[in-house]
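Read the structure below first, then the notes.
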Amino acid sequence: MIIGSVSEDIKVEKRVALTPEILKKYKTLGLKICISKGYASHIGFSDSEYQNEGVEVLNNKEEVILKSNILIQMGIPSNDDLKLLKENQTLIGVLNPYNNEEKLKNLISKKVNCFSLDLLPRITRAQSMDILSSQANLAGYKAVVDSFSIFEKAIPMMMTAAGTISAAKVLVVGAGVAGLQAIATAKRMGAIVYATDVRMASKEQVESLGGKFLTVEGADNLETEGGYAKEASIEFKKKQEDLLKETLKKIDVIICTALIPGKKAPVIIKKDMIEEMQSGSIIYDLAASQGGNAEFTKPNEVVDYNGVKIVGEKNILNKLPVSSSNLYSKNVFNFINNLYDKEKKQIDLNFEDEIIDKTNVRFNGN
Amino acid sequence: MIIGSVSEDIKVEKRVALTPEILKKYKTLGLKICISKGYASHIGFSDSEYQNEGVEVLNNKEEVILKSNILIQMGIPSNDDLKLLKENQTLIGVLNPYNNEEKLKNLISKKVNCFSLDLLPRITRAQSMDILSSQANLAGYKAVVDSFSIFEKAIPMMMTAAGTISAAKVLVVGAGVAGLQAIATAKRMGAIVYATDVRMASKEQVESLGGKFLTVEGADNLETEGGYAKEASIEFKKKQEDLLKETLKKIDVIICTALIPGKKAPVIIKKDMIEEMQSGSIIYDLAASQGGNAEFTKPNEVVDYNGVKIVGEKNILNKLPVSSSNLYSKNVFNFINNLYDKEKKQIDLNFEDEIIDKTNVRFNGN
Amino acid sequence: MEIDPFIFRISIFILSIFVGYYVVWSVTPSLHTPLMSVTNAISSVIIVGAIIAALAGSDNEIFQISSIFGFLAIILAAINIFGGFLVTQRMLQMYKKKKK
Amino acid sequence: MEIDPFIFRISIFILSIFVGYYVVWSVTPSLHTPLMSVTNAISSVIIVGAIIAALAGSDNEIFQISSIFGFLAIILAAINIFGGFLVTQRMLQMYKKKKK
Amino acid sequence: MSANLSATFYLISGILFILALRGLSSPETSRQGNYFGIAGMVIAIAVTFLAIGNFGLGFIVVLIFLLVGGSIGAFIAFRIPMTAMPELVAGFHSLVGLAAVFVAIAAFLKPEAFNLGIVGNIKLASLIEMSLGAAIGAITFSGSIIAFLKLRGIMSGAPITFKGQHILNLFLGILILVLIFYLCKTQMSNIFWAIVIISFLVGVLLIIPIGGADMPVVISMLNSYSGWAAAGIGFTLENTALIITGALVGSSGAILSYIMCKGMNRSFFNVILGGWGASEQNSTSTSKEQKPVKNGNADDAAFLMKNASSVIIVPGYGMAVAQAQHALREMVDALKKNGVKVSYAIHPVAGRMPGHMNVLLAEANVPYDEVFELEEINNDFSNCDVAYVIGANDVTNPVAKSDPQSPIYGMPVLDVEKSKSVLFVKRSLSPGYAGIDNDLFYRDNTLMLFADAKKMTEEIVKSL
Amino acid sequence: MSANLSATFYLISGILFILALRGLSSPETSRQGNYFGIAGMVIAIAVTFLAIGNFGLGFIVVLIFLLVGGSIGAFIAFRIPMTAMPELVAGFHSLVGLAAVFVAIAAFLKPEAFNLGIVGNIKLASLIEMSLGAAIGAITFSGSIIAFLKLRGIMSGAPITFKGQHILNLFLGILILVLIFYLCKTQMSNIFWAIVIISFLVGVLLIIPIGGADMPVVISMLNSYSGWAAAGIGFTLENTALIITGALVGSSGAILSYIMCKGMNRSFFNVILGGWGASEQNSTSTSKEQKPVKNGNADDAAFLMKNASSVIIVPGYGMAVAQAQHALREMVDALKKNGVKVSYAIHPVAGRMPGHMNVLLAEANVPYDEVFELEEINNDFSNCDVAYVIGANDVTNPVAKSDPQSPIYGMPVLDVEKSKSVLFVKRSLSPGYAGIDNDLFYRDNTLMLFADAKKMTEEIVKSL
């Protein structure tokens, strides 16, 4: 069996699905690999690095797509590329079925097996393939590093002969995977970190990282069975607003990570709150692509509102492409490892397996 | 007595010599203050913030210069502004006498008292006015935050379900004030930090921050009595090179801070060393304005050499203007506090005082 | 002015109680089990009484009823003495720091 | 089978040594000074001997030379007893935790 | 041998016993302590022979008995598995108790031999002493037997309680005292026998209501009893060695059981008066604590780790919750000072976010080269002496390897169970994130340290 | 009063003394311990009166003497300043020693009164005992006098040594033994007097070579001597209370001096044999240690801070070098648990880079609101009980406020000297960055804790 991967459109996506680190592991599975020329050179991995590990570097994307049994990508390929796919080929990536329904229906009708890793169930066994975790984790880290680099003051407390710089106060909205890593990173830098979330379990988690949890009093636990958040009640939202408004007066940097799966991101940082903030503060909105947690967030833009900078980052991991690609390739490998039947040397569409079943893209139950 | 300060050329200098924080202290000395319009609005301090503390905001720079007895600035004012200064006025700032000899001689001949704070002796009593320390400290911090934000990998070690990200390795060249803060900051973020310096005392200091000191064997202690570095011998340089070349293979980020007062910065990271470095690595050169510690450093440019990014930052504190202005104004205040005679309500040119004597700009002994 | 030896014995008794009290407080908890086993072994000094009982009277009386109790007591105590000390020894062997 | 009382006394002596040994090991260092002063006070039980010496013989003998030594010893020991215990008391007062 | 000389030697033997106990106070001197004990015993026995001065037939018979008993003892000592230590000690206690009873009986039957008067007219003090000795000996005997049976598993470890138990015990105790009084008055041998028999009964009654978990305390208490019995006999025989040793063993045993109660956080009186408190506890805790766990304290943990040659630390979410990273680092430092090799094993999903453990360990300045990921270190567990699992749970759960039904099946886990001993620091037996029970808690080589992770680690540092 | 009864009471009084010492083992029970001691003493005296049974003139005279002595003692006890404690104890010792000598003399002069035979034919054992008692008592007396004089400053604290000192001491010691032997043989009173006089001399010779710093050890040793003397007399008088107490005091004093030596890192034998080691040390260390510093250990520090109501921590470069921040945080946590208010005072230039201390404290997770800059906290020192200065030096140096010549003149410094006690943790008396001596080390309210900052802090945590 041959695994293939072609260059992404590096204007929107710098990450790749195959990094040199993982190649050895594919070899042990007995899989061949081919990639298109200049596949990852934009992030410092030269073709020769791949060739050294036995990867075939083909001249253009078409060759790769035609040759491979499994095509692994980061995002969904362009329409041109998709046209080349045919029966029994398998496509694995973050296909985002809700936004790409048309394209995918097309593929499915061609009997191409499509697996979208964003559909992965959050079960223990799937942790090693969990791209949401691996990528959100890095996003949380990077959001902090980036916002601190934009911020015009120093973060940690410094008592010096020329006076004291007091520690910056950071608020993390949403303490999921990204939020927790953001808390940890900000804490490391010496910031005073606050966090808020709708799930009760996150309080202990925030505190386990040295953050302070802003508890909305009388709040229900808005956690689904899968560990995700439910949409909050109006009453809850009101209480959360009041609490935040008070807190925000002293906050220097806000990192937004609150998401509700399958819905628009909740708008948590409202206009009136932003007006209370000090000039020079930063709102770094990781939820930008889902609409943002702050009122003025615009994806991939920096909005200046009364001196408060609102940074809407759509794909922050483009700023950390090496680490994120490494983790993503590992996730994909683990997924293929589960999918591939070493005896029969082919993929095994065992829909009894929750992981395979849930990630397989089907519409209306087909 | 009236203290004045006019806007700097914000294209090259974003810092200011007077921030709202310090105004109260001037008041207690009984000094009046005037500034020019829009003085610090570019860093978020509105004129009204100053006015609230009793500062007179004048419409243009001329008025300020004419009105004030002491003019405090960050850098040396423009020629136009300097022309307005006349006998018995005092100018305080970082005047950089070696580069601005012409201008200053002119002023001195007009009997303008010029004090350049970069000439401050490094004695204990002067610590609170020591702008080199206060600014270098922030520079060291910012260099790390900035380079980490540019770096395409994550810094801290993370063992995750999708594999391990190993900790980044950072080398700090020169463990003076900036270097030590860089070590501390990088260490905080979870990097493995190495440092090198020519002064023996710095070994203990580096270790006191959790860094690893690269000891050049058989090195003499190249420390002057003032605590600065002397230029190294050829033999020493050779040994240092060999040691660094070996180390650099695994280093991800280099922060350069090595300086020798009054001389060009030593070139420590040579071409052949850079060639050994991994693609994607960063060299962040704080010594850029003095020529740089790395071979390809260009001030205010990012040079890409074989995938290694060499960032030459000339005035990094423009990226951290608020904190650095706050500390600078405090330094200036402490200096004036020492200079000003509260009884006589005028400045007291007591040249017995080492601080006043050494900072006063005179050429050829006048 | 002769003092009844009983008073002396009581003194000795009480002082020994103090000694016992203090000795044990200073024992590290991990040695509690060996300590128990060694005190157990020591408490078989009762064998002294057993021997006296067994040998009371002349040789031809040795199988009198009282002597027989003595002999039985000797066996019991002897089991204890040997068993107790040896088992302690074995336990302490375990506590020996491994050579590295 | 009478045992010389001396043997008993030796036993008592030795056991007391053990008790003294252990008692002190468990004292916190900060109490060492009060400990010294209290043992000093205690060691003036020698007054018992002094009293016996002073009152040896009948009333009209009390100013005999040996009795005089007894009386002197009484004074010395008494100074010690009162002084020792009181000073200890004062010291311990200092160690009382302040009320907050 | 003169009475004075033998008294002196008995004193020496008593002192040797003190030194024996003193030696046990630290592992370094402990073996020496044991030798002191042996020396004391040899002297006591030898002096007894010399004092009697009869080296005829009787002496030889005694020697034979001694050797027979000794061989049996030695045989048991060598054969017994180390794990059966507690029941062995209990068994041995019963022997001492019975021996005390026998000696008392012998003295009662033939007081002349001991200089106590003659049958029917035994000295009052001696009579009191010997009946007390016999009674305590008998209680020790039957009590130890019950303890032995419970520990051996022959009898159920569950406390056996019935109404009026305490009143019955009290009544029997008073009865014994009354009988002793009458014995002194009438010198009737039947009363003596009655005392012995009732005492046997009391021993049984005292121990049956005490649960298996409290047995170590009970054994130590019985130890104490056997000491008092010996002291009683010592007074009868006017033997200093017996008095000293008896008092020593008596008080040390009592203190030891007190210390052990404190260590286990149990009330001394509840344990000793067995069943006082038990009735209330039973109802709530029986169903949950079906499977027995081994419960340790900081000292045990410190001891185990100090004497290990390699220790692997397995941190989990509980370490983060307790913010125990700094204390943990301290503990590791202390261990390293003791020459122990220590490494950290980080499971990829330990904690609640990727890299959770790394952040915390870095904060505590743990050098990166001591931190290993699962794949690097998993094989090392089989060569390691102690795995110190601090607030981790799911990531060690072997069910992930064995039970396809389990929600965590297929997750790689750290093979902590392969190390010689596993220490689990957590607050209770409750499960972790995945909500499933962890079989390791109940394993033989596991010691549970129930406490907040930070507190426990700090205490271990103190004990190191 | 019958001999048995009084013996019993003496026993009780001995036991009360044991309990007295036991009480001193912890601050909570210490006062209770003192009461036990008083009770024991009262019983011993009362029993003696009752045993003699003579309540005539003699009794009254004795009472008067008792009261006179008692008043003097009480007067001294109330008047003496607390700082003079060591010399007071030394003075008191001398009294006990002298009392022992007097009792021995009385017994020698009038043995009938004590049942020891008659003059010229005193029982052998008693004679040995009383001459030993007298000799030890005499040594205690003259030794204590010397110690008292040295401590009081009347005599120089410097060790007085001369060649052959040890040989002379040895010779005198043997001489005493030989004289005792002849005394037993001849019962000549002159020999007895000679023994007493030579012993006085020995006492002086033993103590003069010991330096002032070692005096606490010496006092405790003399304490021990006085105990042995009492025990000797106890044997003479066949008095259990004296024997028990003497042995108790004797052994506890000896152990105490051993413990104190260990605590001060001095060799026990060097101190006791005074001057053995001194000769070598002297040459090197005299010039430097001109000014005396108070030297403490972890236990002292722990005790002081535990009982403080507020503590201010002053970290400096030494904390960074030792990487003591984590241990420090632990210490503060422990203190806070004890209800002590703790804050950190950060000097603007503490360490070697701006914000040096902040980085490290943040690493150790010290909450920001416990960290204060100089201006915020400098006034709080005067209200604080203990300033814990850990590896800081220049930033506390008051010379910056007073001496315009000093290189650090004009730098604001932390006014640590205003707090009730100052603890300085550093490795030696060497100066800091500025290279100047710090006057605070020699202040009365300063206790120096010479050690690596991390080690010391860890030890304090252990003692808390």
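A, B, C, D, E and F label the chains in the order they appear, each numbered from 1.
By our rule, contacts are C-beta pairs under 8 Å (C-beta built on N, C-alpha and C of every residue); 3 or more make two chains touch, one makes a residue touch a chain.
Just so it is clear, the model here is predicted, and its values are computed rather than measured.
S.K.: According to the touch definition, list the chains common to the neighbour sets of chain A and chain F.
M.R.: B, E
S.K.: Looking at where chain C touches chain D, is over half of the residue numbers used by both copies, so same, or under half, so different?
M.R.: Same, since over half the interface numbering is common to both chains.
S.K.: Looking only at C-beta pairs in contact, point me to the busier pair out of A-E and C-E.
M.R.: More contacting C-beta pairs are found at C-E.
S.K.: Where the centre means the average of the CA atoms, what chain is farthest from chain D?
M.R.: Centroid comparison gives A as the farthest chain from chain D.
S.K.: Among the chains, which one keeps its Cα centre farthest from the Cα centre of chain B?
M.R.: With centres defined by C-alpha atoms, farthest from chain B sits C.
S.K.: I'd like to verify one number: the distance from the centre of chain D to the centre of chain E, where each centre is the average of its C-alpha atoms, in whole angstrom.
M.R.: Those two chain centres are 40 Å apart.
S.K.: Between chain B and chain D, tell me the centre distance in angstrom, where each centre is the average of that chain's C-alpha atoms.
M.R.: 73
S.K.: If you average the Cα atoms of chain B and of chain C to get two centres, how far apart are those centres in Å?
M.R.: A distance of 80 Å separates the two centres.
S.K.: Which residues of chain C are in contact with two or more other chains?
M.R.: In chain C, residues 2-3, 5, 8-9, 11-12, 14-16, 18-19, 23, 25-26 touch at least two other chains, as defined above.
S.K.: Give the residues of chain B that touch two or more other chains, as numbers and ranges in rising order.
M.R.: Chain B, residues with two or more chain partners: 127-128, 133-134, 137, 156, 158, 160-163, 165, 188, 190, 210.
S.K.: Two or more other chains touching the same residue: where does that happen in chain E?
M.R.: 14, 18, 238, 240, 244, 323, 348-349, 354-355, 359, 362-363, 365, in rising order.
S.K.: Of all possible chain pairs, which ones touch?
M.R.: Inter-chain contacts occur between A-B, A-E, A-F, B-E, B-F, C-D, C-E, C-F, D-E, D-F, E-F.
S.K.: Once bound in the complex, which stretches of chain F touch chain C?
M.R.: Where chain F meets chain C, its residues are 3-4, 7-8, 11, 14-15, 18, 115, 238, 240, 244.
S.K.: Which positions of chain F touch chain E when the two form their complex?
M.R.: 323, 326-327, 329-330, 363-365, 458, 461-462
S.K.: For the complex, which residues does chain D have touching chain E?
M.R.: 1-4, 7-8, 10-11, 14-15, 18
S.K.: Hey, which residues of chain A end up touching chain F in the complex?
M.R.: Going by the criterion above, the answer is residues 156-167, 190, 192, 210.
S.K.: Within their complex, state which residues of chain C touch chain D.
M.R.: Counting only chain C, the residues touching chain D are 2-3, 5, 8-9, 11-12, 15-16, 18-19, 22-23, 25-26.
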